[in-house]
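A single structure is presented below for examination.
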Amino acid sequence: MKTKTVKIGSHLEIGKDFVVMAGPCSIESLEQFENTAKCVSSLGVHMLRGGMFKLRTNPESFQGLGKDAYNIAKQVKNSIGLPFISEVTDPRQIADMYEVVDMFQVGSRNMHNYVLLKELGSIDKPVLLKRGFSGLIKEWLLSADYIANGGNENVVLCERGIRTFETATRNTFDINAIAYIKENSSFPIIADPSHGVGKTSLVAPIALAAAVAGADGLIVEIHPEPEKALSDGYQALDFAQFEELMMKLPQALAVNDRTLAKL
Amino acid sequence: MKTKTVKIGSHLEIGKDFVVMAGPCSIESLEQFENTAKCVSSLGVHMLRGGMFKLRTNPESFQGLGKDAYNIAKQVKNSIGLPFISEVTDPRQIADMYEVVDMFQVGSRNMHNYVLLKELGSIDKPVLLKRGFSGLIKEWLLSADYIANGGNENVVLCERGIRTFETATRNTFDINAIAYIKENSSFPIIADPSHGVGKTSLVAPIALAAAVAGADGLIVEIHPEPEKALSDGYQALDFAQFEELMMKLPQALAVNDRTLAKL
Amino acid sequence: MKTKTVKIGSHLEIGKDFVVMAGPCSIESLEQFENTAKCVSSLGVHMLRGGMFKLRTNPESFQGLGKDAYNIAKQVKNSIGLPFISEVTDPRQIADMYEVVDMFQVGSRNMHNYVLLKELGSIDKPVLLKRGFSGLIKEWLLSADYIANGGNENVVLCERGIRTFETATRNTFDINAIAYIKENSSFPIIADPSHGVGKTSLVAPIALAAAVAGADGLIVEIHPEPEKALSDGYQALDFAQFEELMMKLPQALAVNDRTLAKL
Amino acid sequence: MKTKTVKIGSHLEIGKDFVVMAGPCSIESLEQFENTAKCVSSLGVHMLRGGMFKLRTNPESFQGLGKDAYNIAKQVKNSIGLPFISEVTDPRQIADMYEVVDMFQVGSRNMHNYVLLKELGSIDKPVLLKRGFSGLIKEWLLSADYIANGGNENVVLCERGIRTFETATRNTFDINAIAYIKENSSFPIIADPSHGVGKTSLVAPIALAAAVAGADGLIVEIHPEPEKALSDGYQALDFAQFEELMMKLPQALAVNDRTLAKL
């Protein structure tokens, strides 16, 4: 099915040429986010990612800087000049975040949070909708409709691995879903290989596989020093690892006559 | 592990004697809710259930009466004289619902909605926490901690079936989870056989099995005319079917020297 | 659907009154099997179980005594006077085992082994067909047809837990499957709570739940000293635990007006 | 981990350069197999596949030509000059099949059939071991050890999709498993995208993704007229579709500096 493109800011379009979003799992400090942003920007990334409100299974885990990250995010995205995506976890955050982000991310835990989806349907900024831990593709598309039916058709899907019996990897990246969505839906779809496999050394092969299977982009967790990350360091790429992935991407895209989006 | 009891209203306690909650999936009208409430009350039920805000996978499906159900609920629970439980789907509903419900229900789609859980942790009414579609028992207990850590320790768990490869039944009721929770957690646990198996004719056997495995109670969907229900009629019991279940319950509880809670 | 009964030996019938099979996971020695057999027999069990050929995931694990167990099995079943069931893992064992067993057990790993099923379809001894790790109910019934279509309609199904994302218990006992099979198939169905939950302390609640949900019998792993068992000791009941289960069974069966089969 | 190569016949090696096996799901007739073999051979395939003994869930489905296919297989493989792989479903077939096949295939339903695996461990022809429907990677590697421990270390793994809650595709192809096995095992691994996704139009993207993720080869179902196939036609590629896949493969392999094996 023909993919409808989703505009981010003034000149980026998801669903056409391949788009890469990268950055840390969480914004931890100005220094950490700025360093990471500079690095990924120099490697040709199209959008910055960085969590401000983190949904953590364990109530004792680091929950993100929250509103304290707003200024850091604004400062860095302006100095770098790239659009910024971050996760929204509460409808009451939308008004404030609207000033900070260029795209709202809905996390896996909220794919079924229809209250949140409906409110995102009434704004004019694009939404990245991650698949739930056990979200059927059918349900995922209906969740996208919750947003689109409200008038905001700028929805991009994100495959990030599903929950299965297998425990050797954190999740099971559903590569079939990429190919299936391209055939059966007009929403663009990108891949999150970081959560999809959950182990640094396996992120690049899954990222490249997703690109070859038809994904319209990637969202990747990067950290200058993964072993010191406050969240999910075991699945973050360091700068050298990310650079190697970015070097291989054009060749993978060429298999299907695609290219990286221009900056 | 010894179960801590959770008080509902002035004299009902969950975690001690066996408690039955029943009522329609959704409150559809004063007449429908009142008829159902009278019936289940006459059969010895301890609490009324009835959905006001429904989370439906399909945005086109009936979404509940919303705030229009508040008056119906108040009127019926006062005339019947039983405590009332209903699902909360948005933290901003808590203040108003507080006047109407005696127990807040968190649905499966919100087991990971930590924003909602945290706010329920700061109030003084009990919470029924359903297990997510693919919620690990470990995660479920951490979700309960999100509420309890806020100061509200009145949390009751509810097993309602998990998502597996099997498609012959709507969900797979995890009977193991009942026995496991009784052994490893001090939160009371009740069973929702209606969603757990998803088919009217199979609800009673699963309900009785859960009681024998150690559950502290049941929550069951009842409808005067299931085939006319606006939601989930295929898993609702009619009055006669529910009466038969209530007749068998005492004998099932006796296997473990338990009894129905007194009214 | 009306259940067709399956005759074991001269006067036992599965599918009518409730039948209990018990014994060790593996026959380890004459002494161990005889002691266990005497004990379970004195507690009212209808059939002895004991593995001779074990299918173990790890090639280094104990694989059973094999043919060396034939004489032990014969000797004990004759002195005790109860029918004997044991697992067949290779079609070439059928001829020899025919002299030793009263019922052939097909294990979970072989639910899809149609070569074995077809050969069991051509003999005149009953077969217990365990559900595969991820066997759909639909596939399970078709596997039963592989046996029945060959002329041997004496097939009994055995629910023993399925593989899901949950890791707190060894398997997820599918209690729904018990109720579903009773409604939709004429094959009798028994429950294996030992594998179904995989932890000694949780076996009895699951066994009783299965009985209440409609199972036609149980197969339970017993060991005089579970901590010394050569296989699966963590899910075996000792004699005292098994006695307690047997004491509760009649009351659980009474919920549905059923009784234990007479000896 | 460094991959050990497995020799097929005199000059083909799996685990080094990329190997493609292709052919019909089942050998249906001399004409059908010969036509398909000629076609795939002309497109640069390294090995012929063709089922003789089919394990079908439904006992009424076509079960393969059985021994009647031996002569067809011999005749075609000799005239084409390519090695031949076919599934063995019974240890008693090994002796006869040994004359016909260059590699024995163990299907998903037999990953846990240790009796069969052990006997394949005592021969000197290579074995392709498919992953079970719900085979943990850990169990799969232990099944490979059942063969290798017998002395036959020529084992190649085959990822073919696992069973999950998702029903939009036949199975969920576990792309993570490809990357994981390359890192953690020395057995070569190939991909079966036909079963992995189960739908003709999605086979090529999954095949290419597997190649990029690190697979050592492919096994693909081809049929001259898929809509007339006696088994699994809905997932077979026709000649034109297969040609397109073969055209894209070298570019996908180049991403990781790999090439197709020479003929």
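Couple of notes before you dig in:
For clarity, chains are labelled A, B, C and D in written order, and residue numbers in each chain start from 1.
What we mean here is this: a contact is a pair of C-beta atoms (placed from the backbone, for glycine too) under 8 Å apart; a residue touches a chain by one contact, two chains touch by 3 or more.
Note that the coordinates shown come from a computational prediction; the quantities given were computed from them, not determined experimentally.
When chain centres are defined as mean Cα coordinates, B lies farthest from subunit D. Subunit C and subunit D touch with mostly matching residues; of the residue numbers seen at this interface, over half occur in both copies. A count of C-beta contacts for the chain pairs A-D and B-D puts A-D on top.
One inter-chain figure worth recording: subunit A and subunit D are separated by 35 Å, centre to centre, where each centre is the mean of the chain's CA atoms. Taking each chain's centre as the mean of its C-alpha atoms, subunit B lies 49 Å from subunit D. Listed for subunit B are residues 134, 163-165, 167, each touching two or more other chains.
Chain contacts in this assembly form a complete graph, since each chain touches every other chain. Listed in rising order, the residues of subunit D touching subunit C in the complex are 55-59, 89-92, 108-110, 112-115, 132-134, 139, 142-143, 145-146, 149, 163. Listing the residues of subunit D that touch subunit B in their complex gives 134, 163-165, 167. Those residues of subunit D that touch subunit A in the shared complex are 134, 136-138, 161-162, 164-169, 171-180, 182-183, 196-197, 201-202, 205-206, 208-214, 248, 251-252, 254-256.
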